[in-house]
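Consider the two complexes below, in which chain A is the common component and chain B and chain C are the respective partners.
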Partner chain A sequence: MKKRIWFLGLVPVLALLCLVVSAGRAAAAAPSGDELALDPAWKAPDQEAARERAREVVPFVDAVVDECQLCRQQRLRDMGLGVKDIVHSYFLLDSPVIKQREDHYGPVRFMHTKHAAQIQDCAVCHHARPADKAAKETVRCSACHQESFRADTPDRLGLKAAYHQQCIACHRDEAKGPMDCAGCHPKNVPDHKELVKLPANPQPWDVTAECLRCHPGAGEDMLASSHWLWRGHSAYTLDHQKKVIHGKGTTAINNF
Partner chain B sequence: MSPISNEARCTSCHAGYGWKDNTFDFTDATRIDCLVCHDTTGTYKKAPPGAGMPDPKVDLVKVAQNVGHSSRKTCGECHFNGGGAEAVKHSDMSRQLLQPERACDVHMGGYDMQCAECHTTRNHRIPGRSSSVPVVEGALDCQDCHGAKPHYGNDILDHHLNRHCENIGCNTCHSPVYAKCKPTKVWWDWSKAGDKNRKPQKDKYGMGDYDPMKGEFVWAESAKPVYRWHGGFFKRVFIGDRIDLEAGVTNIAEPVGSFVDPNSKIEPFKIMKGVQPADAKYGYLLVPHLFPRDKEDKTAYWKHYDWQKAITDGMQAAGLPYSGDYRWVETWMYWGVDHEVMPAGMALSCVQCHESLSGERTCDRCHQDSREVNFKQVAHKGTDFSWMVQQGRDVSHLVGTTDYIDFKALGYKGDPIVYGGRFKKLPMGYKPASAP
Partner chain C sequence: MNLTRRGFFRIAGAAGAAGAAAAASPSPEVRAAAVPDDPYGCLVDLTRCIGCRKCEQACNRVNALPEPERSFEDPTVLNRLRRPDARAFTVVNRYFPGRLDAGNQLVPTFVKIQCMHCQEPACASACIVGALTKKENGTVHYDVSKCIGCRYCMVACPFEIPAYEYHDPVTPRVMKCTYCYERISQAGGLPGCAEICPTEAITFGRRKTLLEVARKRIRDNPVQYLDHIYGEREVGGTSWMYISGIAFGKLGFIDVPETPTPRLSEKIQHTLFAYLWSPILLYGLLGGIMWTSRKRGPHSEAEEGDRR
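Moving on to the complex of A and B:
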């Protein structure tokens, strides 16, 4: 409590300091805050294209060719199918089919060409071809895997299960790539409007205390982090690999 | 320079509230500033000289009720503005990255990636090896996502580019110029500070060359990096480390690596050069007190323009003796060019470095001529900077150049296609480089 009183006394001093200094420096250091007008319509083109593809629900493929995986692998190789034939190198794994049931996680960024180049076997993921002779040899996951337990194809995995079984099983078998949820997905942050309870015009540390009410572990983690301490392990600094004292707040110096 | 004795200004980029001097309590979790990283409204702001306190105008309840993941906006609030303004420190990060063009940064501009998607955070530990500060909470590499053979096609060019990855960092080819969206500071001479009558002149980029509080500057835009062998480690000078005052230049941070070290790769750097004070007797770099603590402050350089007072105060705060004599020394810092990766088509072409491919003979120096592959086309695939010139970038002097990364400076006898590589003799046709 004593500490808080001490700190409150500091606030007017700091506020005054802000005024004095900002008046004196207005011309010298225009804060970079507002000079770049942000365009609310800005979009990243590759991401937008992938988002567009993820919104599509393609016609359901109800029948596929009965073919062993090795047969299919050999056949695709005989056809000369490979990385060079890839149309879209990047996908967002997301679909209205999954969204209609749940929405806890954001879409997965999937580097199609990278995976294809590493695996060098299209048939691993594109494991069945549509029975329709006019259809393309390889189709996207969501052409065959849509809602689970469909009456016409009760034995076929739903899209979410198909993604998870394919990705996680391969990452496990190859000992490569993430296997935890957050390794692939961004987790949706729950709406905090009802969760956060604060008086009007709170002090900044009242906000922090409110955050810590539900996230005490995050506070403990933060107290040991470099963004808090401005010092820490210097594992990649010659002659100082074992030191934990160095940092901007202690020993570092620069020419800025 | 250092935040020590200047806390109230510098800690406006601290993820906390009230670090105004060395009495700050680092065990008090209520002083953590959660909002500066987790704001999604774009309205949260720290008051620059307020020791990390938020701007009183910020609606804290609204910000707290809309918290979410960190973003380019929240990270950039500090990391795009280091050194007092946009792009001053980092040559590869600026506010342009809030909404970058695809050609400027393919990850952020093409795929809208946020910082923490590469700097994947666990327990508030954020990986990434900075060149400028020693603290590290984990390593991070392009190849973590792209794999050790990131050129995914199966053709002759991909094969050679994948081999290059054993010796060359990605951004050597994929970010051939730095500060490609916004000029960055490359020279800062503190010894020239203090002339209140000197009017700043604008350079060709519209950037000022002088500030009486700070000294003289030079800016660079779309500049060619320097290339050095780097094995991941840095050599650093810390406060109190003795330097050679007669050396001409002191490297505060320089990459560790060499031509004969298999772990080293050629990587691009911006060198930040400057002039700053050192103790003429004790031989270490000095910490001046720049930013006034309060109205009564008697020593701050930015109030009194007196280096002697400023250094005496700063060194007392740093807990190191000051002999009373300072002198100006030139210092360099190597800053890695790690961001602003350009789209694949804008990477350096083979001929941009390999002069031996610029004439009539190209891949057929080693390979039999093949009708399926147009060797000349392969050797020239990539940027020759003419597109960037069209975009108004200051790179016209780079068009048509070769030996871009300067092989001799890196320890080669010349173009490795002719003289051989680091560890292997060329398989066909030529005598080894070491032969008499």
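Moving on to the complex of A and C:
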């Protein structure tokens, strides 16, 4: 009888163990497409080829065909142009046209095929074709949009503005994709390998002190937060946004 | 001639009226010494501005201005309306004029403020030492070496732009947008703000070209824009111009007349004092009165009594 009770106690323990293992496996499974796009460490298979393409400056197209958006959309459909015709599915937007003026941000990773598949209308971005009959029907942005404020084409947007107006307007209207600066392009952060000076075998507090040497604001923010004070608004608690003030410093024993 | 006190005023008054009439009749078109024919300009398209404040940041960098109290990336700065000051030549303000988006959220409109670089600048007209001048490329240029710190420019400016370094008692300067004079004087040079703007909300170019660009944008998209280019005619035209989809009055723009601000003051000054005719006339008149009355000695007590 005593032996049987011992066995019954083992059942929940085993069940819990199975749960933990399966959850761990699920977490290790491949992340979805969206997570890939936002993962800063992700590299496209053709990353180096894309980097090469980003360096190219194509000849400037000064004249384009004047046609309405709907006409163009329909014409491209009639031609049967679509996702299957895409030559390069991935671009790094890092044109020297922009970088000759400023270089504050890293390249933007643009998934051409992904956007095309989502929008299903090439004419949204490829909104005009070169007047030259021999040119391809769809050309890259930087064929028509290069330096800003060219005297010969004063009403033509520069490349940087063309990107920003197109991307921001669409991301906003569709409520999809990143909306903040860093969502699309990482800042050119100086290499911290050179900046960080630590003793040979650093203690955790050595690291914190070293971070605070250049980022004192981050420390002050932390000292004002509920993580430090154990009291204050639980701002991001579902259904309790900025309504309840609690924390270990006030009402709760442990609200984590 | 028996010149009485009352008689004197009568003659003087008549002469003054004649002088004023003479001043009014020859009215040459008074125009500021040098209004550049085709200066550089900037066209700010308020429908394009996303309020990122990169222009403020670039302005701070290229003009080596002091660090701001709050970071350029702190969006809470936009919670209150600001003015350009001695530490910032340009600021971006956020307005909610009342439009709603698809999600019933108020749509913000952002307005960048800086010196408008008037075609006929009131500050340059008011400046008594010529420290402020209108340059051929459109800049209203400030020369600190000439400035005596009278701050008349601050009073004169119809847009209330120039600021003063009150915190510096020894070498204070008048502070306002320089139009990046040195930068745009070089070939291909751009003002810091226009160069950094990610959406080309600021378009840089020749003023005449920009007016055409602005008219084309309004013509091509009459729903998006009001048919008004702020700065085309305001105070006689400015080098910085704005187009918008929202009435300018709702966005903090000052309702200024189309007459250049210095027109009246300069007209008065240039007509009244041209060739010193008015002082010559006045002193001539006074001299004439003295001449006609010179033979009469002091009035006798009897005469004085008579008149009373």
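Heads up, the rule we're going with is that the second predicted complex is superposed on the first by the 148 of 256 C-alpha atoms of A that agree within 3 Å, B and C clash if a C-alpha of one lies under 4 Å from a C-alpha of the other, contacts with A are read in each partner's own complex, and residues count from 1 in each chain.
Just so we're on the same page, a residue touches a chain if its C-beta (ideal position, glycine included) is under 8 Å from a C-beta of that chain, and two chains touch if they have at least 3 such contacts.
Computed from a prediction, not measured in an experiment: that's the story for all the values here.
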- Task: Would you sort A:Arg101 into first (chain B), second (chain C), both or neither based on which partner it touches?
- Result: second
- Item | Per-residue contact with chain A, leading partner among chain C and chain B | B
- Please work out whether A:Pro204 is in contact with chain B alone, chain C alone, both, or neither, and reply first, second, both or neither. first
- Message: Applying the document's definition of touch, where does A:Cys181 land relative to chain B and chain C: first, second, both, or neither?
- Response: second
- In the superposed arrangement, which partner chain does A:Phe149 touch: chain B (first), chain C (second), both, or neither? second
- Tell me which partner A:Met111 touches in the superposition: chain B (first), chain C (second), both or neither. first
- Touching A:Gly158 in the superposition: chain B (first), chain C (second), both, neither? second
- Touching partner for A:Ala44 - first (chain B), second (chain C), both, neither: first
- For A:Ile168, select first, second, both or neither according to whether it touches chain B, chain C, the two together, or no partner. second
- Can you pull the chain A residues that chain B and chain C both touch? none
- Okay, in this complex, where on chain C does chain A touch? 48, 50, 52, 190, 194-200, 203-206, 209-210, 212-213, 216-217
- Note on the structure: Seen from chain B, its contact residues with chain A in the complex are 1-4, 8, 14-18, 20, 25-35, 37, 42, 45, 47-51, 53-54, 56, 60-61, 63-69, 80-86, 88-89, 95-96, 98-99, 102, 106, 108-112, 117, 123-126, 129, 132-137, 139, 145-147, 149-150, 152-154, 185, 188, 190, 211, 213, 232-240, 252-253, 256, 272-276, 285, 287, 291-292, 294-295, 331-333
- Item | Touching residues on chain A, where the partner in the complex is chain B | 3, 7, 10-11, 13-18, 20-22, 25, 28-33, 35-36, 38-39, 42-47, 50, 82-84, 90, 109, 111, 113-114, 116-118, 186, 189, 192-193, 196, 198, 200-202, 204-205, 207-212, 217-223, 225-240, 246-256
- Message: Can you tell me which positions in chain A touch chain C when the two form their complex?
- Response: 101-102, 148-149, 151, 154-155, 157-158, 160-161, 164-165, 168, 181
